[in-house]
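Naming follows writing order (A, B, C, D, E, F, G and H), and every chain is counted from residue 1.
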Amino acid sequence: MELRQLLQDIYEGRLSVEAALAQLSGSSVADLGFANVDLHRRDRCGFPEVIFCEGKECKWVEGVVRKLSEAGQDCLATRVNQGQADHLAVQFPQAQQDRLARTFWLPAGPPKTATGRVVVITAGTSDLPVAQEAAVTARALGTDALLLADVGVAGIHRLLRHHQQFCRADAIVVVAGMDGALPSVVGGLVDCPVIAVPTSVGYGAAFGGLAPLLTMLNSCSAGVVVVNIDSGFKGGYVAALIARGARKKEGDVRT
Amino acid sequence: MELRQLLQDIYEGRLSVEAALAQLSGSSVADLGFANVDLHRRDRCGFPEVIFCEGKECKWVEGVVRKLSEAGQDCLATRVNQGQADHLAVQFPQAQQDRLARTFWLPAGPPKTATGRVVVITAGTSDLPVAQEAAVTARALGTDALLLADVGVAGIHRLLRHHQQFCRADAIVVVAGMDGALPSVVGGLVDCPVIAVPTSVGYGAAFGGLAPLLTMLNSCSAGVVVVNIDSGFKGGYVAALIARGARKKEGDVRT
Amino acid sequence: MELRQLLQDIYEGRLSVEAALAQLSGSSVADLGFANVDLHRRDRCGFPEVIFCEGKECKWVEGVVRKLSEAGQDCLATRVNQGQADHLAVQFPQAQQDRLARTFWLPAGPPKTATGRVVVITAGTSDLPVAQEAAVTARALGTDALLLADVGVAGIHRLLRHHQQFCRADAIVVVAGMDGALPSVVGGLVDCPVIAVPTSVGYGAAFGGLAPLLTMLNSCSAGVVVVNIDSGFKGGYVAALIARGARKKEGDVRT
Amino acid sequence: MELRQLLQDIYEGRLSVEAALAQLSGSSVADLGFANVDLHRRDRCGFPEVIFCEGKECKWVEGVVRKLSEAGQDCLATRVNQGQADHLAVQFPQAQQDRLARTFWLPAGPPKTATGRVVVITAGTSDLPVAQEAAVTARALGTDALLLADVGVAGIHRLLRHHQQFCRADAIVVVAGMDGALPSVVGGLVDCPVIAVPTSVGYGAAFGGLAPLLTMLNSCSAGVVVVNIDSGFKGGYVAALIARGARKKEGDVRT
Amino acid sequence: MELRQLLQDIYEGRLSVEAALAQLSGSSVADLGFANVDLHRRDRCGFPEVIFCEGKECKWVEGVVRKLSEAGQDCLATRVNQGQADHLAVQFPQAQQDRLARTFWLPAGPPKTATGRVVVITAGTSDLPVAQEAAVTARALGTDALLLADVGVAGIHRLLRHHQQFCRADAIVVVAGMDGALPSVVGGLVDCPVIAVPTSVGYGAAFGGLAPLLTMLNSCSAGVVVVNIDSGFKGGYVAALIARGARKKEGDVRT
Amino acid sequence: MELRQLLQDIYEGRLSVEAALAQLSGSSVADLGFANVDLHRRDRCGFPEVIFCEGKECKWVEGVVRKLSEAGQDCLATRVNQGQADHLAVQFPQAQQDRLARTFWLPAGPPKTATGRVVVITAGTSDLPVAQEAAVTARALGTDALLLADVGVAGIHRLLRHHQQFCRADAIVVVAGMDGALPSVVGGLVDCPVIAVPTSVGYGAAFGGLAPLLTMLNSCSAGVVVVNIDSGFKGGYVAALIARGARKKEGDVRT
Amino acid sequence: MELRQLLQDIYEGRLSVEAALAQLSGSSVADLGFANVDLHRRDRCGFPEVIFCEGKECKWVEGVVRKLSEAGQDCLATRVNQGQADHLAVQFPQAQQDRLARTFWLPAGPPKTATGRVVVITAGTSDLPVAQEAAVTARALGTDALLLADVGVAGIHRLLRHHQQFCRADAIVVVAGMDGALPSVVGGLVDCPVIAVPTSVGYGAAFGGLAPLLTMLNSCSAGVVVVNIDSGFKGGYVAALIARGARKKEGDVRT
Amino acid sequence: MELRQLLQDIYEGRLSVEAALAQLSGSSVADLGFANVDLHRRDRCGFPEVIFCEGKECKWVEGVVRKLSEAGQDCLATRVNQGQADHLAVQFPQAQQDRLARTFWLPAGPPKTATGRVVVITAGTSDLPVAQEAAVTARALGTDALLLADVGVAGIHRLLRHHQQFCRADAIVVVAGMDGALPSVVGGLVDCPVIAVPTSVGYGAAFGGLAPLLTMLNSCSAGVVVVNIDSGFKGGYVAALIARGARKKEGDVRT
């Protein structure tokens, strides 16, 4: 918001009051009645608004997708249920849907070269859907994402043997349910941030993911941060932000 | 309860003991066996008893509607499921049902001019059903209710651009799930009470609405009060009470 | 924020870009390093920023009081502990301190005529400190506040005999610990909003106020809203907002 | 367990060691493999073992019913789902089943004259299934049980007008969801114990009955005790124990 | 509330309207400003109001004691801390204070013959203060109360050897912390109600009494009801209500 | 990990660097993409990896079973749903499936003589599925497992009469829902460890097994340890470890 | 309880009824009024009753110690606060007190040769008091206990380098706060049971030990069981039971 | 761990087996009995082990500081209480202690040029101690850290006017108690990761920081991750990791 410039333009008569008001009060918002699509998000935050589909009618989701698409922006949707997926497949046949991750991905243009390395690690096989959501998201943000499955701490050597694969990541997403112990161990082996994603996988006292959530918040490894239960999306998103940040600046320097 | 008058009437022989007892012990209650309908609620509280339909058999709901209707009172029912809606549609075809809000509304007479301004704001699109319940309720209480959807804090400019629409309300209902942060921001922008309604929308650690509920109870804005999770009804009800209060007195003065 | 006017003034050369920037970016904030005092709050929300004293050093509290006072604004502080109270008494001997309510009150000018009626009701005697905080706050906002103590539901006639005193209020604050049942009963007797304030008074399973908090959120009376545990401040604040709203408009009309 | 007598009988040769062992180690238990039916419960506790049907296969329930029945004992089963009800109806056509209460009742003999007065009161209409379970249970234990529905505290006069009907009870069961405030009010009006039964009826922050449960545990009325959520059975059981105790002794004295 | 009689008296001119109003609106309440003492409680509920001392100033407690005493009523106070105890000892030297139970007891007249048998049982020695509060309360209500300490389930024979002492009680109070398992075992051995009182005694996962509270609410013995954590008072109160009920009627019949 | 020997072998040229690396980095792991099967678990922990089937696709479960089987290892799977069971029955018709326990068991060879005595006890009949999972697991680990059902504390003599059957066990698994009181009683009668398994059986305030879980963690019997809610598997596993430990050493000595 | 023999003795006149009753009803209990000391615990459970000192008066603790001591039994007390420790030091100067562990140990005779190997491992240095309580307890039960401190998972190689020291244990106690992840890792490296003890050490979201408690209950390693928060005592006790069990039988065979 | 090289060295005789074992099994650990100091942490994770001082004796803290210092490593300690601070001040007078942040900082050498930009923002003044811990930590890791205090959402313009100061950060730490709403707003304004740190500041229903913790986990802004309550340390640590990552690579490229 180059406010000073805008005011200067008004002052010098280059911009009318009406045009300035429009610019300030958000021509960057598309008001659909059921939604106010934030078309300016990409500029502020580096990635367009992402659609969380739970509790939404098919036509609401379709409307937002269409609006983002028309604005020439990438469109990612998460938690797409089967009904929504079918509806969107008809409307946007060119989009990529991943049923394991429950994602919908409609990029605005051809893929760019991936920038930054993200590794997604799961403790168990049951954590795969959440991990896949993380990987899809990280790739949508333009990073290179590798997924390593089922290397939980009950057999710690399974993790150690992949050490080469994850120790050079820019950011690591660790997805785990049950005891949620894996991020602490990974965090003690690397020098990059670890984004821990608790899952709702487990016996009764996991209380829908509360147990691994608390484990991760209390991690004895200093480099571990936490996101919401089953939120592979947010894990992948932040990991990609970090990885891109590292590489973008690297790139800046090159030029 | 003009008790003194009633006793005076007895004392002076204008009222028999039996009639007084009937008046005191509630001829204003209709005992249906499965329900004791409070026909006096309107006089005490300014609006008739509202029917909460969850866990009730169709014929129980029908019975109370009929009783209120026969007594010449407005009848609002909430949390009407599909089965109940179908049943009621047959019995009371003249009633207004809103399937998004899950409400049933059978007014006793023609609509009156709306008194007082309520604005209902939602953080996301998934909060719409709860917000709609708030709006229907506020209108049933005779206020003018405006609904603004999907202006959550992740894109704060979406809210700010509607500032003119909500800053002159008598009361504002803010409906939000997930982080429930919107009421605090709205509360810092206005001088009327903000009724915050947490919703059960969100990822795992929202714990069915517990997260936004706690957020709202702890709002750093002094003018924010809270109602039950997903209780659009109560949010709309109290907002309307406040708005009517302001305007009714205004009206009183005019005369 | 009469933005259009401001821009127009720039456009027409009546305002320099620098002056406009200062106005937009908040000359209304006093930056003390440890605090950014919001001197514009009074204009937006109808009452100046209130100081929450817990966890603050004496000199921090003093600094904010001084800044508000210098700006000619009323200054209310809550949760003032004994050390802070002693410190402030030396610095601002003219202020009014209430040790039961733990409040500090330094009005900017002579008291105005009270506008609007607030009634504060407590279930038990142990709830008095919280209720007193509500009453002090409601009076600071310029309303007339009456306090009725110890009329809980175990002896419901104690409440009913005060019916005349509370049934004409513009807003009622009900303060209760333990079972927190009183707001539901009061809410069923009046036609104004009831602000319920749970307290941390009670045996073990009250869990520091959680029990009455949940009771109040689940109140079967439609006109009951809830604020934080032991937050007499917020109860009094919102009740006063409502009462003032009713009467201010009444006043507007008169002219 | 008249142990001394039994030992004396052995000592004096009136009882063999084997017979004594059988008596001591529980011929009063029927071992069915999947169940060890406690046929001695009636003697110790005044009522036979009651069957909780959740999570049990039809044939397991049937087996226990048959065993109790063969032993000439009354048989009450609760939480009977539709499948179990159908199965039992075929096997024991003479039994009384109540689908609202979800109970099965197969008395060992003709009904006896009721002893003791129990009143079951509900706050709302949605609490009826739980209240009915209480009433059926209290009657099974041989007491006279009256049910008053929908007299919650939002319209306190609905309760007060039934004062004559409940003030002479030996024990009162109060069934309430949401705010669970009714037992405190009832407890303040009577001199007999009040058994409070929280129900899982209500909006989100009722948390499946946790809210009224806590309310009731924290009741400011001294005569209120609490049982498990939705446990109409236990409410009715203990109320009947109390009512019978009062009257049985009364009866004892008469003779 | 013989309302009909009262109205009849007015009708027939035997009672003035003012006198009737006084009677209806509670001359039975003593308004001390900080408290509305319920002098009618004894008539409604069979025992005067009991003073819960936590969070109260010495002079508040003293005031209520004095008012009850002047009205010729028994006065029981619980949760009396050392400062309050010292203050009251000076004011009411004739009262009986029990420092283990933290109670204050000032009867209105000479002790009456005890009516009804209450037994108070504790699982461990650390539960004694709560149990003693129960025993003092039960005796204040005029019953005979026996206390059996430290017979928890880890050595079940300790309980069984006292079988003769508790199996003839009219009501049993079982006080237990930690696992709270004792009430279930006792409940399976007797035919009278068991009032379970959870205590806050125990290691971390007892969570201040939450663990035994839940245990007791889920008791597999049907005759077990529960009161608040550490509430020996309520345990003793309800047990005495039950025991008196049984014997009072017995007595009634005798005459 | 006889690391010294391995290094010595390299040093003395008996082992190539490549072969050593392979050995160190886990040829004992089978990487299937969706799973990293820990083929070394049997050597480290005494039993192969066990498959937890919840949230897994049929082909994932099949893949792990096949890999373990090909490696000549016993294969136990738990929480097998109906769909998975049907799929596995086709693929591995020789395996033993138990639908009550929801287990799949494919031993690598003919059964060995059982070593060590485990007793599994349930409080109620509804606890049978969890208890059966414990028994199946204990037998899979090569111990002799006896199951005693429905001997909860409401009829303590039912337990005592089986005293001979459980007092000589090497380890006892006690499975209980509701109040979870049974392990404390059993723990006070025996000198071997008691593994307590809480179940999710019970009324509302059992909160899905939280109540018995807390009861068991707070057991007043010193020899009681706890596993996850409904985790019959872990109860049986640890009991078998203990029982085998006792007997294996016994056996070692014999030779 | 060789009941048959006892009855036979009565039958054959070798035992009087009174003597039999004394034997059956527990001459093995010492009734001190405030405590019923279980002198038979040692015979049933293999170790005498242990005194939990929290909430007990010095003279109560002293009384139980004296009674156990007079009965020729070992006496262990835990959670001994400073006042109790000082009191006991005067009364029993020969006892061993450990102020880090807060234990009191007064053995009945000279130490026996240790039987069985227990290893106690802590994640951090702050866990030492709990771990020391475990070690003292395990030694009191006659086992050899080794303590390894501060080998948490943030530096997994610290644990691995002690592999030789713990892999041959009969049972391992793992004490950890914060994320509680260590037991899962240890459990994946050994073939003996792991007793996990959560501690209340950690930042806010550890919630007094709740976080590591849940972690441990959800451990993905099958051989991990859990005891109460900060309960080093129970961890050491059960580990010793297991270790003794293994070795006792080994010993039995030798002879 | 250049394992291949190490094995090659053994193979070629350049390294003895003993020396290799020492290298592998952690000469990088200093065993002090009460602590196993991880001297290798710096190499693996980019920063030495940090000392958490809660629950530790002064001499334990001193021991670890000395060991790290002797190894030529930076030494940071957090949660230093007054007693520990005094003790350490005597032993290490050259260290920097910050009493607001409760930190101890003893760098191994002269300060290096800061790399990377971290901004720490607080919602209120009471959050300052936690924020200061974050800033001290971020600086210890070699980044440039700016602290902006008291810009919470109740006066959103206070935040917006600092937009220039935080929008170019590499990572932002947002510290907030009460409603914890600030991170969501900040997250919607920037394109770098936001590390949210909940504090325990607030009224009752903040439940010691639980409320803002849940708010932050449910943030509707995708770039927000969360650490433990009051854990300024971890917030600062991860922010610094991210900021350094960005700049280190930038630096790499330059050369």
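The rule is simple: a contact is a pair of C-beta atoms (placed from the backbone, for glycine too) under 8 Å apart; a residue touches a chain by one contact, two chains touch by 3 or more.
Keep in mind that this is a model prediction, so the values were computed, not measured.
Novice: Starting at chain A, how many touch steps does it take at minimum to reach chain E?
Specialist: Counted as steps through touching chains, the separation is 2.
Novice: Report which interface contains more C-beta contacts, comparing A-H against E-G.
Specialist: Higher contact count goes to A-H.
Novice: Considering only mean CA positions as chain centres, point out the chain farthest from chain E.
Specialist: Farthest from chain E by mean C-alpha position: A.
Novice: Between chain C and chain D, what distance separates the C-alpha centroids? Give it in angstrom.
Specialist: 49
Novice: Can you check how far apart chain B and chain G are, centre to centre, with Cα atoms defining each centre and the answer in Å?
Specialist: A distance of 59 Å separates the two centres.
Novice: Let me have the rounded angstrom distance from the C-alpha centre of chain A over to the C-alpha centre of chain F, please.
Specialist: Each chain reduced to its C-alpha mean, chain A and chain F end up 38 Å apart.
Novice: What positions in chain H touch 2 or more of the other chains?
Specialist: 41, 124, 154-155, 187-189, 202-203, 205-206, 210, 213, 217-218, 221-222, 228-229
Novice: So, with touch as defined above, which chain pairs make the list?
Specialist: Contact pairs between chains: A-B, A-C, A-F, A-G, A-H, B-C, B-D, B-E, B-H, C-D, C-E, C-H, D-E, D-F, D-G, E-F, E-G, F-G, F-H, G-H.
Novice: Inside the complex, what are the residues of chain B that reach chain E?
Specialist: 3-4, 7-8, 10-11, 13, 16-17, 20-21, 24-25
Novice: Which bits of chain B are touching chain H when the two form their complex?
Specialist: 123-124, 152-156, 177-181, 184-185, 187-189, 202-203, 205-207, 210-212, 214-222
Novice: Over in the complex, which chain D residues touch chain E? Could you list them?
Specialist: 1, 41, 44-47, 50, 163, 170, 187-193, 195, 213, 217-218, 221-229, 233-234, 237-238, 241-242, 245-247, 249-250, 252-254
Novice: Per the contact definition, I'd like the list of chain H residues that touch chain G in the complex.
Specialist: 25-26, 28-29, 33-36, 38, 40-41, 49, 52, 54-56, 60, 64, 198, 200, 208-210, 213, 228-231
Novice: Using the touch definition from the top, list the residues of chain E that touch chain G in their complex.
Specialist: 124-126, 128-129, 149-151, 154-155, 157-158, 160-161, 201-206
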